[in-house]
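Down below is the structure, laid out as structure tokens.
Chain IDs A, B, C and D follow the sequence of writing; residue 1 opens each chain.
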Amino acid sequence: MRAQREVWGETLALLGESDPTLVVVDGDLANSTKADLFARRFPERFVEVGIAEQNMVGIAFGLWTLGYRPWLSTFGVFLTHRALDPIRMLVSQTGASVRLAGSYSGLLNGSSGKTHQDVEDLAIMRAMPHMTVIAPADDIEAEAVTRWASDHEGPVYVRFARDAVGRVFPEGYEFIPGRTLVLRTGAEVALVSTGVQTSRVLEAAEALARQGVDAAVIHVPTLKPLDAESLLDSLGEHSTVITVEEHSVLGGLGGAVSEVVAERRPGMTVHRIGLLDEWSESGPNAFLLDKYGLSSMRVAEQVVDLLGTAGATAP
Amino acid sequence: MKTEEAASTSRRPAKAPGCSIAEMQATARSARWHILHTVANSKAGHIGGPLSMTDLVVALYFSELRIDPEWPDAPLRDRFVLSKGHSAIGLYSVLALRGYFPVSELATFDHGNSRLQGHPDMKLTPGVDVSTGSLGQGLSAGVGIALGAKMRGLDFRTWVLLGDGELQEGMVWEAINSAARYGLSNLTAIVDLNGLQQFGWPRVEGRDRFDRSEPWSHVDLEAIFRGFGWNVVQVDGHDFAAILAAFEEVRERADEGRPAVILARTVKGEGISFTRGTYKWHNGVADEQQLATARAELGMDEVAR
Amino acid sequence: MRAQREVWGETLALLGESDPTLVVVDGDLANSTKADLFARRFPERFVEVGIAEQNMVGIAFGLWTLGYRPWLSTFGVFLTHRALDPIRMLVSQTGASVRLAGSYSGLLNGSSGKTHQDVEDLAIMRAMPHMTVIAPADDIEAEAVTRWASDHEGPVYVRFARDAVGRVFPEGYEFIPGRTLVLRTGAEVALVSTGVQTSRVLEAAEALARQGVDAAVIHVPTLKPLDAESLLDSLGEHSTVITVEEHSVLGGLGGAVSEVVAERRPGMTVHRIGLLDEWSESGPNAFLLDKYGLSSMRVAEQVVDLLGTAGATAP
Amino acid sequence: MKTEEAASTSRRPAKAPGCSIAEMQATARSARWHILHTVANSKAGHIGGPLSMTDLVVALYFSELRIDPEWPDAPLRDRFVLSKGHSAIGLYSVLALRGYFPVSELATFDHGNSRLQGHPDMKLTPGVDVSTGSLGQGLSAGVGIALGAKMRGLDFRTWVLLGDGELQEGMVWEAINSAARYGLSNLTAIVDLNGLQQFGWPRVEGRDRFDRSEPWSHVDLEAIFRGFGWNVVQVDGHDFAAILAAFEEVRERADEGRPAVILARTVKGEGISFTRGTYKWHNGVADEQQLATARAELGMDEVAR
């Protein structure tokens, strides 16, 4: 298993060979995001902007007007918060093919703590009209999504994790935008996740199985545009759905699933596991996943509690 | 590059056929008239900013820019970015007079389903190269365009017009630094130093020209731009001869490998007595009486005849 | 009826008398937001920052560390997009008592068009941990909320409209944070709204009544923290809920209501009326409300359609 | 004002009892040692930035600042904002040595449930005045603090330390303008010109000092700050005598009604041979061998004895 950021950098370095419109615009973080792999291969198509995220977006937009199709390289939180206004006006409102790589997503960013953690990116980018929002599960899907987004015309935000996670997909997996996938069937409850959290939810399902809880696992890589039909097919006849995300429980995956279910599947109950409107902190990955309830063990625990308590309330 | 061949093989538009200063002054008067009465007719819109930049924009479109109204997206056209997007009606008036679309279409400004939005929309309006409206973003776009032209070896110039209040946005300074870092001599910024923004600070007696404080009267803008490695040209933004000379100087010094900024000293609301030099006309709707006054001052009746 | 922005400015000018910690930090828009009413009265406590929204937030934070409690004055879209990163780190993460007045909210901003319209603010601010998010319905509630927020310790975002709307509340109305209000009872469907859209929804209910459709109207001024119990009480036994907001249908009021209902009231159906992941344009208020489906007449139409089509799908 | 009386009646903390330059140099060596081994022990963290600013921060806390470790939130204390928040471990090391919390607590850096976060958190750490981490925001906070002090007539000075790469953030320039506009002579910015950022640009032979490009070698920072109406003092950021003189000059010119910036020429990774002058040690984890080398170079064994 490789880290998603590595896969992203390596894939761009490959695609650069055949796609002369591919340029990378960096915000002084290429050696963290791994855009440096592209920079070494194509220095003339690597544009360093320095620590100026708004300007990165404006420059990427300008390059797009001349036929280039840029990828942006910085930490996700500095795109979704520091550069949101230029993304809105120069990328979303113009339909520019500017690809936003939100690196170091979620909580696990090498102990940098809450100023660098992005637990709102899915909610923020989902609310922006015309934005495509994708969160791949592992290295395999990260590569497929990087390739897909590189060909796609129009704005795309992709969430990439800093560190490697357990494999979810087989080699040769094909990413189909909008499609949700049933990774594991189960009768008692449907666990719905996105991004690298899906990998930990699969482990949680294993743990639950050992405790005699038969949980299905559904992966939603494309948060927007959300293919409601595909999601509903995956949810099937389940009566209890629990979303799990390395993100706030407000407006992200849990919000998207709740919107669809509340409208199309009255009768289905949706519980949401994730950050409970709180900021996190610095710490080793294992510590953070455990403390904030996202480790496979803690997810399994919460699922058992939720199944135990009828009409349980997530705070 | 998809448009590579297209661009490299396509011809570069020519400059406008020699247009005399007297003609440009007349064109500017018509543009100012269209600004005032179009906004009055749509009951909403900006006045002072469009009027202060009118002469600069007329000089660009009727003398300097290598563009073709018949071929608005010519790959080798010069680019113009109205970073101070709230002055859209000023740009629309000049584009219409230059032939990008019928002058009659100005009447749809700010109405629903119009190609002429309150702020410039590159997806709707022929001749608009970049969408703007949220201040401070146009120069970054211009840096990206100029850098892309350099990377692709395309020979055209990119012009970005900013407001003096707009210069308070940090994103502008990020772009000022990048333009110098990349030696973008194919990029020219013009600052419409009309001495007023929307609200700003109380005027300082003896220092400020108008009824509120000048956005930059407390600093030395020329020294700052030079410090950032830009070529700086100061000009009276209402003197066509001086403006054209400034444009020429910028072009001739392009070999110095530095971006250039034209600090254009202007007057907010220039050209109409009651809008001149007051922040109160940043935006506004003229009444019948005022329209008549402006019509006379701008000599529109003669034109009509 | 007065415009909410007028009420905000007048109320601050009054509160300034008794509250020496009240300062207003402006982004060169005081004569639009009406902060100029405070500026004229208390020039020494009015801080003009010019066109620099990020800096406004940083300066407001600094003033707070010295005991001041600032209100920010600019258009909402430039707070929620241009200044989101400083709001995150310096206001939300520090718990600063900085009050964000998002003026000219929604579509109706005097024909400025999509670069100035904010149809994502509720989703964005709702996703930010520890942020209180309020959208008053009319001038009366705008004043009550301005007073409440001025006393409140901690970050608050309040959505204010540019133009006056029909009265919703009586003089002397008391704002209670979190409380949702049943403004009109009705058996067939519960229309849930927020902000000034509530006023138009009340008119829609009148129109529906004339067509024989008995609709309840529920107003949710506090989007966050959302009082789920209060919302559920208001929703009562309704089986069909339709949210209506001058905002995207993704992640805002509709998202918040869907999250609560999908978890707590399986069986209830929630449809969402609002902007369908689209940008709007310049135009007169009446034109925009009609074209984007938010006028009382268009809301009534859509309600009838939704009630007509079983399990209807909002795009 | 709630804290009005409290503030006005409260005493202003005194400066640190005269601390010799030799003592400060020794303190700086200890601080550098704590930076390197604490990060090695927590397996993550920044090195180069903390090391380049060490002498400046030691000079502030052991000589210049009027603060009281026993009374971290004294209303009239001088304020210090570490705008380049990623250098937190450098600040923590100095705060610990100054007595804000036990040196032993440094071992909790970056661990879970620690008061010492990867980036400074004013809600957790005694002595931290402003939370930082997202670059470019500290100067605005400092402007707000200095402006508030002026409005309330409180007599203390606000210091903000920025990185040279950080200066690329537009928000910094918004604050530079505001500080001048409001004549904040009670505000001092210090720029840690260590010549490197995290990745940056390839070095230009003969122009740049280290293995990547200097963030500002292409511009004249002094001219820019002067243009903005700031007093500028250039100093060698590793020469204590010069640093103290710069601090004094800043205080003495406070009557000029201008904010001041100290452009401190430093070396990223200063003080340890293998971290010095290379962007590769922007962050990093030293191994046993390297720790031993540093320990010797910093004379930690003597100190221990």
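Keep this in mind: contacts are C-beta pairs under 8 Å (C-beta built on N, C-alpha and C of every residue); 3 or more make two chains touch, one makes a residue touch a chain.
Only a predicted model underlies this, so the values are computations on that prediction, with no experimental measurement involved.
Common neighbours of chain B and chain D under the contact definition above: A, C.
Distance between Cα centroids is largest for the pairing of chain A with B. Mean C-alpha positions place chain C and chain D at a centre distance of 41 Å. Per-chain CA centroids place chain A at a distance of 36 Å from chain D. One finds 29 Å separating the Cα centroids of chain A and chain C. Across the assembly, chain A contributes residues 50, 52, 54-55, 77-78, 81-82, 85, 88-89, 93, 114-115 that each touch 2 or more other chains. Taken residue by residue, chain B touches two or more other chains at 121, 131-134, 136, 168-171, 174, 177, 181, 201, whereas all remaining positions touch fewer.
If you draw each protein chain as a dot and join the dots that touch, every dot ends up joined to every other dot.
Chain B meets chain C in the complex at residues 42-45, 85-86, 110-114, 117-119, 121, 131-136, 165-166, 168-170, 197-202, 215.
Of all residues in chain C, only 26, 28-32, 36, 43, 48, 50-52, 54-55, 77-78, 81-82, 110-116, 281-284, 287-288, 291 touch chain B in the complex they form.
The part of chain C that touches chain D in the complex is made up of residues 20-21, 23, 44-45, 47, 49-50, 52, 54-55, 57-68, 85-86, 88-90, 93-95.
Looking at the complex, you find that chain D touches chain C at residues 1-4, 7, 121-123, 129-134, 137, 139-149, 151-152, 154, 170-171, 174-175, 177-178, 181. Those residues of chain C that touch chain A in the shared complex are 77-78, 80-82, 84-85, 88-89, 92-93, 114-115, 119-120, 123-124, 126-130, 224-225, 228, 239, 248-252, 254-259, 261-264, 266-272, 275, 277-279, 311, 313-314.
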